[in-house]
Structure formats: C-alpha cells, structure tokens
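Shared chain: subunit A. Partners: subunit B in the first complex, subunit C in the second.
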Partner chain A sequence: MRVRVLDAGSAIAFLLLITLIYAPAISGLAPGLSVAELGKVLSQDFIRRAFIFSLTQASISAALATAIGGIAAIALTTISSKAASIIRALALLSFMAPPMIVVSGFTALYGRGGILSLAIPPLRALGEGFGGVVAAHVFYNIPLAMNLVYSTLVAVPSELVDAVRIYSGGRLWPVIKRVVIPYASPALIASYALTFIYCFASFAVPLTLGGPAYSTLEVYIYYFYRMLFDYGAAAATATVQLAVLAAATVLFTLAYTRLPPPPIGRRAVAVLPGRRYVKAASVAVLIAVAAYLTLPLMSVIIKSFLEPGNGFTLRGYERVFSPLFDQAIGTSGLRVIGNTLYFAMMTALVALTIGSFLAFTGGAVADALLTTLLAISPLTLAMGLLNIYGGLLPAPVLIIFAHTIAALPLVIKSLRLGFLRVGREIADAARVLGARGLLYFLRIVAPLSRSSYFVAAALAIVVSLGEFGATYLIARPEFYTLGIVIYSFRGVRDWPASYAASTVLLAMSASLLLLLSRRLERWM
Partner chain B sequence: MGHEVELANVTKRFGGFTALRNISLRVPASSLTVVLGPSGAGKTTLLRIIAGLERPDEGRVLIDGVDVTDKPPWVRGAVMVFQRPALFPHMTAAENIAFGLEAMGVGRDEAVARVREVADLLRIRHLLSKLPDELSGGEAQRVALARALVLEPRILLLDEPLSNLDLSLREELRAEIRRIQRELKMTMLYVTHDQDEALELADYLAIIYGGELVEWGDTVSVYESPSSVRAARVLGHNILSPDSARKIGISADAAIAVPPHRVVLVDGDKCLVTRVARRRNYGIVEVMCSDTQLRAAVGYDVMDSVEVGDRVGVEVRGYSVLKRP
Partner chain C sequence: MRREYVIVLTVIAVIVIGVVGYLVLSGYPPLAGGSASENVVVVYTYESLLAWGPDPDSVYKKVFDGFTNATGIKVEIRKFSDAGEMLSEVIRQVKEGKVEADVVIGIDNIQIIKAKEEGVLEPFTPSNIGEIYEWLIQDYDPEHYAIPYDYGVIAFVYDTSYISPDQMSNLTFESFYGDLGKTLVVEDPRTSSTGLAFLLYQIGVYEKYLGKDWTQWWRDVKPKVVKSWGDAYDLFLNEQYHIVVSYGTDPAYSYFFYNSTRYGAALATYNGKPLAWLQIEGIGIVKGAPHRKAAEKFVEWFLSKNVQEEIPLNNWMYPANKNVELPEAYKYAINPLDVELVNNRLTQEEIAANLDNWINEWLSAVSG
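Up next is the complex of A and B:
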C-alpha cells in the first residue's frame, strides 16, 4: 500500500516534470534539431563570435569568482561568527539581486559618469564591454563560490586541523595542503562548473553591459526569436548552447555529489593559524569583497536621486510610481509595480505547492529536475512554454510558469533541507502509529519544516522579482515587470527613472532577504 | 487478548552485511518475550521487520497466523516504542498520544477519553498539556509508551526503551511495563542488551548473536541451562571444555556452561583466588582450579571474606551441556 501511494506520488511528480519542464524544453529545442538549421546558425560569423565570447567570458568569470570566493571562504573562518554572518548576509543579497539591479549598479558605479569611474577613469573597464560582463558575473558568483567552499570547511573536523598543525610545527602550508585543498576541492570544482553554467547562459548582463560586440548565445536566442521571428535559428542556437551547458552540468553533478551533507547550525573551524598577519589579511580580503558586493547596489540608490548635471531629484520615482500611461514602457509605472508583486506572490504559491510535492515524493525525481534545469537556459524554456501553451494560456499564466520553473531548484533545495530535519526516528514513529500520505505530510512534515517554507517562499518571491529573460520574451507591455522597465528606461536614457525602478526592486527583494537572513544563512 | 507473532526463516541483508540469518521464532500470545544480545547482533532489525519498517529479504512474518510480510506498518497492529522517545516536538503530550488515534480516524470524544485512560494507566495525566521540550527523559518515554498503548496494539514492540534513562527511573519503568503487560495481557517483544532487564521482564528469552537466533525458551531454562556456546557467552556464563570440566569433577562429552551463581565457594585449598571485584548488589570472585578458571557470583559477605591469593574450594551446583556452537 505504501508502495502504491509512493508510486502515485512519483507518477504525478513525473507528470509535472513533463508538462512544466521536459515538454517545453523539447519543444523549445525541437525546431533547431536539424542539420540544416544547425548548419545555418553555425555558418554565421556573429554566432561563432558569440559562442567564443560566451565560452571565454564564462571561463574567466568562473575562474575569478571561484578563486575570490574560495579565498573569502577561508578568510570567513578566521573572523568572529557575528561578522561572518553579516558578510554572508551581504553575499546572499548580491547573489539573489535581480540582474537588472546589478547591471544598473555597475553602470552607476563604473559606467560613463559613474561614481567611481569619474574619480578613477581606468575603472570604466568594469562598467561596459567585456570587462563589464566579467565584472558583473564575478559579482554574482563570488557569493556562490564562497558559500559552497565555506559549507565544506564547516565539515572539517577541528581535531584534524589541530593534529596537522601540531605535527607540522604550526606552519601554514601543510594545513592548506593536507586540509584545505582536499576538503575544498570538490566545492571549488562544483562552484567553477556552476558559475560557468550561469555565466555561459547569461542574458541580462551581456544584453545591457556587453552591447552587440559582446553578446552571448542566449542574447542571440532572444534576437532570433523576438526580433527576426526565426524560430528555427533560435532553437538551433539553444541546441548549441545546451551541448556546452550539459557538459558543464555533468562536471558540476560529479563534483557536487562529493560534497559533504549540508551543515546545519555548525560553524567552520578556523583552518588557518590565528596569527596576526593572517587575520589582518583575512579582514582586508573580506572588506574588499564586501565593498565589491555592496558598492554597486549603493550606487544605484544614490544615483536614483541624482539628475545628471542637475543635482537632487525625485523625478525618477515620480515616473516609476506614476499611474499614467508611460510611452517608454507601454503601460503605467504603478501597473508595473503591481504586476511585479502579483507575479511574485503567485510564483511563491505555485512553486511552493509544486515544490513540496516534488521535494516530498521523489528524491530521484527532484534531483533529475534540479540537474535538468541547470542545462536548459531560461530562454529555451520560455520559448518552449510559448510554443506549447502560448495559444492556450494567457501571458500572465505563462510568466508565472516561467518564474516557477526558475524558482523550483531553490524552493526544492530549501524544502528538502527542512524535510531532512524531520529525521528518521520521527518518521518511523509516525509510520508505526499509522500516519501516511497527506496526514503524515500535513501533521508532521509541514509543521516541522515550517521555517523551510518561509525560506522557500522568500526565495521564490525574490527569484520572481528578479527574473528578466523569460519574462522579457513572453510578456507584452501590460504585463511588464520592474526588471523590464529598468531596461526600458535605460533604453530611453532616463537614468534617474531607471535607477529609481532598480531601487524599488532592490528594496523589495532586500527587505525580504534581510528579514529572513538568519534563516537563510542556515539554508546557504 | 494477546496475539501471536511468528517469524519464519527471516533473513535480512544490508548491502553485503547480513543483519539477520534464517531466524525462526514463535512469540506466544500474551507473553513478554525479551530479545537479548550484544550491540550489532540484529535485535533492532528484528523488531523493525515485525513492525513493518523493514522488509525481510527472505522469510515471512505472521501475526495470528496471517502473513503480514508485505503489509505496511499501520495495518499490522504492531506498534513500536523506540530507544529515544521520538515524540513529535510540535505537539503536546496529549496530541502526541492522540496522534495514532487521529490517523485511525477515531472521533474526537473517544480519542480524548482514551488518552485520559492511558494517561491514568501510566500516571502521566499531569503532563498532558506539556510539550516534549518540557518533559524529562523518563516522562517523555512514558508519553511515548502511552502513545503506543492507546492504540491497543495487538503487539507492542519495545526497542531498548529504557536504555537512555538513569538507573532508578529504569527500574521504576521496568516494573511499570511488566505491570501493564500483565494487566492488559498484551503480547510484547522487548529488545535489550541489559541482562538484569531481560531476567526481570521476560517470560521467554531469545538470544541473538551475530544475526542468528542461538537460544530460545522460557527465561529460567535459557538462563540456567543454555545449550549453545554463543548463548552462554552472551549470558556471561563460565564455559568449560570437557577436559577442564573433568578437573573440577564433572564428566561431560561436550563443553559445559556454568552460571556464575552456581559456583559456590566452600572450605578447601584446591583453588587459588585470582581476582575479587565488587559489583552492584553482588561480588565476583575468580578462582583458578588446576588450569581451570572459574568465575563465581557471590554475596558481599562471601566476597569480603576472601582476598586474592587465598586458597579455597569450589562446588559447582548446576551446569548445562553445550550441544550447539
């Protein structure tokens, strides 16, 4: 009977995967799966350039982010736990920051007339072009590398560090060689692969900071699909992209399965000896990282109140909060804010429902989902959703679907961590007392993993607030979200409005993340 | 009324490790059977198989003659109490106790009445509104016991339920479990590695060693005259080869087991006292009688009258022949 219940669960989980992920993915890719289409795309010079650019910037961004994040993780173990929490909360904020805000931040800080680039002109290189794309990707992914490595360092037994230190006479190198590298290397490989995946399929960052000369394949998927209506070329480009992403996903999966289980409530051992210069160096590294992660976001806020050349202004906010029709965006600013909040709430609702189901019923199914989603880019899925459901479902539903798909990996991860906390003893006790299926879930699992639900909901909302690519592909103006409007205001060079929209969006996601930062820290 | 449990040729493997090997055992209705064995012997696995939390790789589980091997836990009528109370941390004691009734679809009024009844039986009425956090170890284990008993299970499985409690509490709850078993005439299977617990509680004693059932029978005969070497070892008896036995005047064609309490120190000079150790409530005196080492369990008065190096005589007042390995 138990087997039957689980079978039914797995069947529904499988059905959800097919309708939400696999069918759209296949449909998104199918038109390009012909030699003619692939040949046509690959013979284009600009596609070859985009391929090489995607590969180069992703390799460099991943290497830099992993190196800096890894060093920051080791530095984190040397400072007080309170200070470490603050840094990790900041890192979470930048990791989860909507891409359009990050792009705005880099422009505000390093771009033409940027706060820092005015003072130090060479920093302009970080505000646009190749440098801008890599800098923004590094910004995004330092937190990822830092947290993956920090999590593995938490698993290092303190006795091991003490033993190596005693037997090596307190020298630094043996500790690094015998402890840090062996423990951290799966995390470093995993974070390199994951960062590479994110950067390779990046859309918003190259679209805005890179410009035509520095476009990724994902940008061309959009270009083919939306501008040229050449669905075959879009799908063929997506197929080429998929091949690289799939290889990186395999590498990531191999490394990830070697990571220790997620640490809950443990603090990392100080793997480096507590000498003064080590501590000073650690603090310097962390201050630099914290500055790199926060300054762009702060610049957005500052610039939202500045009219270029005219000083203080609130004009940007007036435009964002205006109930009147806005030519640049095709609807009113207020409506856009409403859309953004509506999609976020609905995404949380749908993602939590589907996510609980997937997280609860199928370990293997949920894993397959998480892995598949890495290799299939958001635009590929969005194309598929439009192909299959475009004629059946209204755009808002498709947008909620796309946001849900984007949020599911984080939602499932968070819920599964919560379910793990139920523990085998409680699960056994419930089973012998007769609890099964829905009763077991509602009375035991859900209440005991309540805090994971808060975290999952927050993450789903933040993902939805920030989602740009799929929404941009699917939405018509009346369903635009703040992310798209930031881009639209950039397009008409209304910088205060663009920064004001960024600040509003930042306020929404940051307040949610900071509110839950203590719970989220355990999740990271 | 009690119900009978039977295991027929049960084998359970975890990967390459065989946790239970070809176990056949019939637990009589309304009896309290204790499964005794060292850590890792397979005791808990045995209970989990009866409860339906594990499925045997081979063999069958029968309750009242009905094959339940493929049945899920909740239809077997066998409820398990674990080593740790495993109370649901977000529910009060009363809600914990009522949980199984809720799962069975028992109405609210009846559930409340039954919770009160079982709370009275276990003397925990005053704890009903407390959360697990607010209970002591002993109180929590009583609640866990109540949570199982309220379902009026056909079989109650207890997996070292007292091993995390301190001594006096353990003795108190042990007496309670025995009282309840007699009052309700319930079939209970109780796993422990503690011999005191086993001897006090058991109507029947099953000894498991290395995944095999090596001895089974009523408590007194198993304890006083085991017939397997491994059982005698688990029980801590003296094991003497036929040669060694002969040297203390016992002729047997196989090894024998001599329970330490059947070795009596008497006047004489054939044996040398090699060790004297004080235990709770009794003493251990080890003697060497021409190459044969014997351990005697004696009262404090006897123990205090000898020292290492003294010469004494011994009499063996009971032994069994070990016919099986």
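Up next is the complex of A and C:
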C-alpha cells in the first residue's frame, strides 16, 4: 500500500488519529510540562522510588517472560501442530484476561492461605509484594513472547535446519546457535521491549498485589489525579513515564521491523532433533507453562462457587445477575452486564470503522504514529480524554473512545494482514475494471478479508471486556463494567460475588477466543 | 442487493442499535440507579457500618427501613470499602457539579478537615443536637458541617493464641522492632480512615512525646499495609497476621460474641501511661444535595436515641448520644475517657497544615 498523503482517505485517517489520540495525549501531559511541576514530582522520594520500582520490575518481568516464552515457543515446534494450536489458544486467553481476574487468581493460589502456598510455603512470594507483581506480569506476557517467537520459527526454512543438522553431525547446540538464535533474536528483542512497555505502565497488578511499597508510576498518576485532585502532579508523573516508554518503543520498532512477515498456514519446522529426551523436556516445559497460565484462572472459577468456610454457593452469581440496586456498585449487577456488552459491541464497531480507514489508507506514516501509541499509558490517555472531551461528551462515549484506542493497534494489525492477502491479480483486475477508492474497498477488499474482520472484531471485544485502568478513571457507577465491579466486590469483601463477576467476564472472553481460535491462529 | 449496500446497511443498523442502546442505558430509571423523585435520600457510607452485631439484617431494617416507615422517604444506600474512598467520590461529585449523594456517614475527625477544605459539606444543626455530647462536637466540628455519631480509640488488637498479654504490656512503638512488627497489619492512610487515624497517633506520639523522627518507625518496622480496615481484619481473623490496627472496643466484641477474651487490645504507653488516638465519626449533608429536606430528616433520625442505642453492639463504638446506656460487654473496652488522648496535643489546625506532607513522607518511608 503506497503512502498517499494527499488523498481524502488519508486526510480523514490523520484527522482521526489526531483528534482521538494525539490531542488527548498532549492535553493529558500538558499540565505537567513545566519545570515547576516536574521538579515538584521528582523531588518526592516516593516518586523516585516508584520510578526505580517500575524500571526494575519491568526489566525482570520482561526478561523472565521472554525467556520462558522463548523456550516454550521452541518446545511448541516439537509437538504436533494440533496440540500446539490448543496451547496457543489457551495462552491467548491468559494474555487477554482482565487484570482483576488475574490478580484474584494469584491471590487465591499464592496469597497467604492460598491453595498452593499452603502446600508449598515458598510460593507465597508469588502472591504479594515484589514477587507478586513480577509473577503476574510474567503470567501476562509469556503468551506474547511465545507467539512472537513461534511465528518467526515457523518461517525457518526446513532445508536450512536439515543442512545445519547434517554438517554438525546431528548435535543440538549448532542448530540452536546457527538457526534458532539468529532467527529468533529479533522476536526476542521485540517481545522484551513490548513486555517491558506493558509492565512499566502496569496499573491494576501493582495497585492490588503491590500495595504502597510496590507502586508503579501509573499507580501514582491515579493517586494524584483521583485522590489528591492534583492534575499537575499527575501529568508530570505521566511525562516522566512517557520518557521511558518512548525509549522502549523505539527499541520495539527497530526489532519489529526485522521480523519476517507472518506466514500463512505454515507448519512449524521441527528445529530441534526429534530425540526422545528433547521431546520429553519439551512436553514437561509446556505442561509447566500451561499450568502456570491456567491455574490462576481455574482457581477463580472454583472460588466463585465457594462461600468462605461454608461450602458451595450460587450467591455470587445471584448478586452479579441481580436486577436490583446493588450497594457495593451503585447500580444493579444486570445493568453492569448490559454496560459491559454494550461497550464491547460499540468498541468493536468504532474500532473496525476507524481501523479500516487507517489500515486501508494510512500507510507507513499512520503505522508509525500508531506505534507511538505504545508509549502513551492508558491513564495518560484517559486523563487527556477527560480534559478535552470531559465537558462535551457523556461518560459512555469517552469510555468507548478509550476502549477503541486500546483496541486499535490489534484491530489494525489484523485488518492489515487481511488486506495484504487480497491477491495482487485480483486488485489489479478490479482497478482495470474501474473499481477505485471506496468502491474498490467495499466491493473487493472488505468482502475478501471478511475473516480478518471477524478476528479484529473479536479482539476489539476482548480488549474492551478486559480494560480496567481508563474505565476506572472515567466511569461513574451507572456505567461501570464487569471489570470494575470485580474490584468493587473485593472492596466490600464479597469474595463469591467478586469471583463470580470474574468468571462471567472470563466466560465471555474465552468463548469468543475459542470460537475464533482457528482464525486467530492464522492471525498470530 | 449489491454487496456494498449490505455493508452500509449493516453499519447503519449497528449505529442505530448503538444509539438506542445508549438511550436505554442512560434513560431507564429502574436500572439507572439514580432517582429524581423527592421521596428518597441517597446515603453514602462504608461497608461495615452497623454490620457487626448479632443480627445485622434486623438492625439494618430497623435503622433504614425504620426511617422509611416513619417518614415515607426511601433510603438508597451506596457502600464503599472505606470512608476515605467515599470522601474521594463525594469530592469528585462536587467538583464535577454532579452531586448524587445527600448524606455521608463515617467522616472522621481528620477527614472532616479535608471535607471542609474541599467544601463538600453544608452545615446543618439538627433539632436533637442537645442529645449529643457537647465535648465531642467541640473536638470534632463546632461549626456543625457534620455531627458526631460515635467515637472510640485506635488500638493494637492482638490474638492471644499467638501473642501473650505479657508481650503487649508496657507496649511502645519501639516494641514492634523485631518479631511483633512482622505480624502487624495496618491500613493505608490514603484510603482508610482507621489507617489515617493510626498514622496521626504514631506521628503524635513521636513528635509530641518522644521527640523523635516518626518516619524511622515505618522504615524499620515495615508493617504490612493494606487498603482498608476490612482487608486488615480479614488477614487478622484468618490468622495470617496476629496484630491489627483496630479499635479499643474489640475485646468487648470478643467477649460479647464468644464469651472469650481471646482478642486483646493494647495501647502504646509513655512513662507507663497509655496514650490513645480518639477517632470520632460523623454524619453530614453534602453541599448541593439533591434531596436536602430528606437528608436533614435522616441526620436527625440517625442521631436519635432509637438508632444510637444500636451503635455499641453493632458498630462497636461508643455512641455520641448521651442518653444511651452502655451494654455490659463494654467493661472490656478501652474507654476513651480513661486514657490520655494524643489528639489534645496534635490540634486540627496542625493536622490541616501538615497532612499532605505527612502522607508524602509516609509514602517515602513505606516505599523504601
């Protein structure tokens, strides 16, 4: 797709990017862009500590997630492709799981008195504090690293593997050194950088598992904005955060552009020799990773049916599905479910519409602009949206905006892939026959990339279902979503209700992802 | 039909559904939560209000449904995990000019400073104010932005199955250096009124009695900090931590329910004399409350003897209404009148001037 800066489609695309993303981002940061505000924030001990904590935990989490994800990706190439695709679908569920669910799961498993930490006390380190924050971040990002590395390994030509294997007499190390590492390293660097970005700006995990001793800058942005109403300090903290995120984004972009194009429908080459011990080790690694990724979610489901100390209950579900005003939420549970579905549907609609524009007409510049989106944390954007549109637009519209922005990178990526797969011959033929612009898009491109539209819609819905930070900053009770009320129910310590809300949310995301797992696989 | 029409029509249909969905969500009163009718009062409070008695449901009915029966005014309650979170929400509502709350229950003698600074309350003198202890009103807020409804002292509550009363006798803050400190759970002063009261207790003792740097205690002891009193008490009852920052009435609770003296309460001492921080909780009317008249009636109802006599055994604090007799179990409670109050040396003016700094210093100390 060429860069056509001057045509109408591109103009609209840039306008959208600016009004929806850049104006709010700048407005969110503006109050902090003064020496006085920055100085005030940076002179606080606790902000400096939060900065160091954000940096350390993100570096460690990213390293662990990348290492484990990378190893798991190599292990995936040794097993049957059917089994591999099931594991990858499961992993996607963890990557997309709403943060409050993950936090609940970690508390249930590894917290003081948790299911696993009772049996194996050292595991308690994963349930709170520094260890808890890192463990939850690793949980989130293993799938990301695994999928990125796996899709580059799929691109390894089998002749190359065979050649190296023959020349090295079937030994393992030369294959790793000459094939796996060179092929996987851009993916490893890209996933390190991306994981670092997500962990550095993490909000819900440190908010709940970390406590005041282990807070990220993102938590302090919330604290300044919502609890102290000190907008300047919030923006200054966001500015400090942006500097680090921008650097990581540059690293990510450099590595990402070196990745091979995602292959379609190719099977992974078994880069490792098919010896028995290799296979056994691979299976062991995959079982351990699958357990780590699924146990927290399973424990949430189980706990939703348990009254603490009293056995089986459905009370949590009754509360979540109740049409009556709920004192802990400020509206009814049923309405919250309605809100959640409504926001998800609208996010899919808006993100697909805008995404089509950007993916179809935007070109390289729009791509670059979208990548910079990674450097702007969800709370920074939410603050900006409130600054600019808070007085003009009702809260639900702002929430849909925030969700849309969160979903756009994924949506555009999947649409772009779909558009690329429209054969050149078909495109040329259509052009010759006079289909141009909107007509060409509507008659040729959109129908042919239907499949990527399904995937994009599913991803947008899942992102919307799971979004926590921005919704929490913007929403008032009548527009709360399930992701928020998990937190509200925790606040009043109604554990069955909190876990039930988590389970309902999880069921929504899981059913969508599983329904589309075959298509998703091609997208990843 | 041509394909592009199908696509365009689909998009239009979804937009229509979106708009209709929005209208339904924002305009359908039975689901919307809010109510425009005059015959309602919206009450904000913390989740554990009156929740600790032998029969919380019937007390709840007596207090809230009782009000409806007596006046015909419906009560809509919204609960927060802690009073601090409640106050943040009310400040936000007032700032945004979209006030939904009428009455707030649970603003304590420190939060009242912030509430007044932020201008979120409106003074109201209830007709039955004569039934409330005058000294409490003087200590809490002589201007009547809110009126006290109960009071009690902050204490270290400990589980005697793990901690012997000997270990807690002649307690000082320094006693927590070491093993006691490892099993102590406290509340975050940013979100919990109990936590804030405890922080001021500790600051008061260090600054006004010991003359030492108070932040050192937090740096060295590093107690477990959780978001709310409820979270802290959960950890204590699950026997994960054995000392919790709570209230001097807790032993009375333990005696009343279990006829047991398993849970003890201790105060930090100075020269052998117990020092305490008095927490006073008040009820007030929000500035710009949508149902002001109903709110006034509710405040008077809440301060009346009828409701106040439920306070000791259900909220486990001393009632502010002087006509209420204390139950027998209260002989095990720490009576605020028997101990030296640190509040007398740390004035509200001093707190108002320093609170933000103290919280910042506290954050620095615990994040180290």
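As a convention for this text, the second predicted complex is superposed on the first by the 515 of 524 C-alpha atoms of A that agree within 3 Å, B and C clash if a C-alpha of one lies under 4 Å from a C-alpha of the other, contacts with A are read in each partner's own complex, and residues count from 1 in each chain.
Throughout what follows, contacts are C-beta pairs under 8 Å (C-beta built on N, C-alpha and C of every residue); 3 or more make two chains touch, one makes a residue touch a chain.
This structure is a prediction, so every number in the text was calculated from the model and none was measured.
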item	value
Partner chain(s) touched by A:Arg276 [first = subunit B, second = subunit C, both, neither]	neither
First (subunit B), second (subunit C), both or neither touched by A:Leu439	both
First (subunit B), second (subunit C), both or neither touched by A:Lys82	neither
Partner chain(s) touched by A:Gly113 [first = subunit B, second = subunit C, both, neither]	second
First, second, both or neither for A:Leu334, with subunit B first and subunit C second	second
First (subunit B), second (subunit C), both or neither touched by A:Arg431	first
Partner chain in contact with A:Pro447 - subunit B first, subunit C second, else both or neither	both
Subunit A residues touched - subunit C or subunit B, whichever exceeds	C
Residues of subunit A at both interfaces, subunit B in one complex, subunit C in the other	439, 443, 447
In the complex with subunit C, residue positions of subunit A that touch it	44-46, 49-50, 53, 112-113, 211-215, 223, 226-229, 323, 325, 327-328, 330-332, 334-335, 338-339, 342, 345-346, 349, 353, 394, 396, 439, 442-443, 446-447, 476-479, 490-493
Subunit C residues within the subunit A interface of the complex	3-4, 7-8, 11, 14-15, 17-18, 21-22, 25-26, 31-34, 47, 76-81, 85, 88, 91-92, 95, 98, 188, 190-191, 222, 224-228, 230-231, 234-235, 238, 240, 356, 360, 363-364, 366-368
Complex interface listing, subunit B residues touching subunit A	48, 51-53, 71-75, 78-80, 82, 84, 86-90, 99-100, 102-104, 144, 147-148, 151
Interface residues, subunit A side, partner subunit B - complex	1-2, 425-426, 428-436, 439, 443-444, 447-448
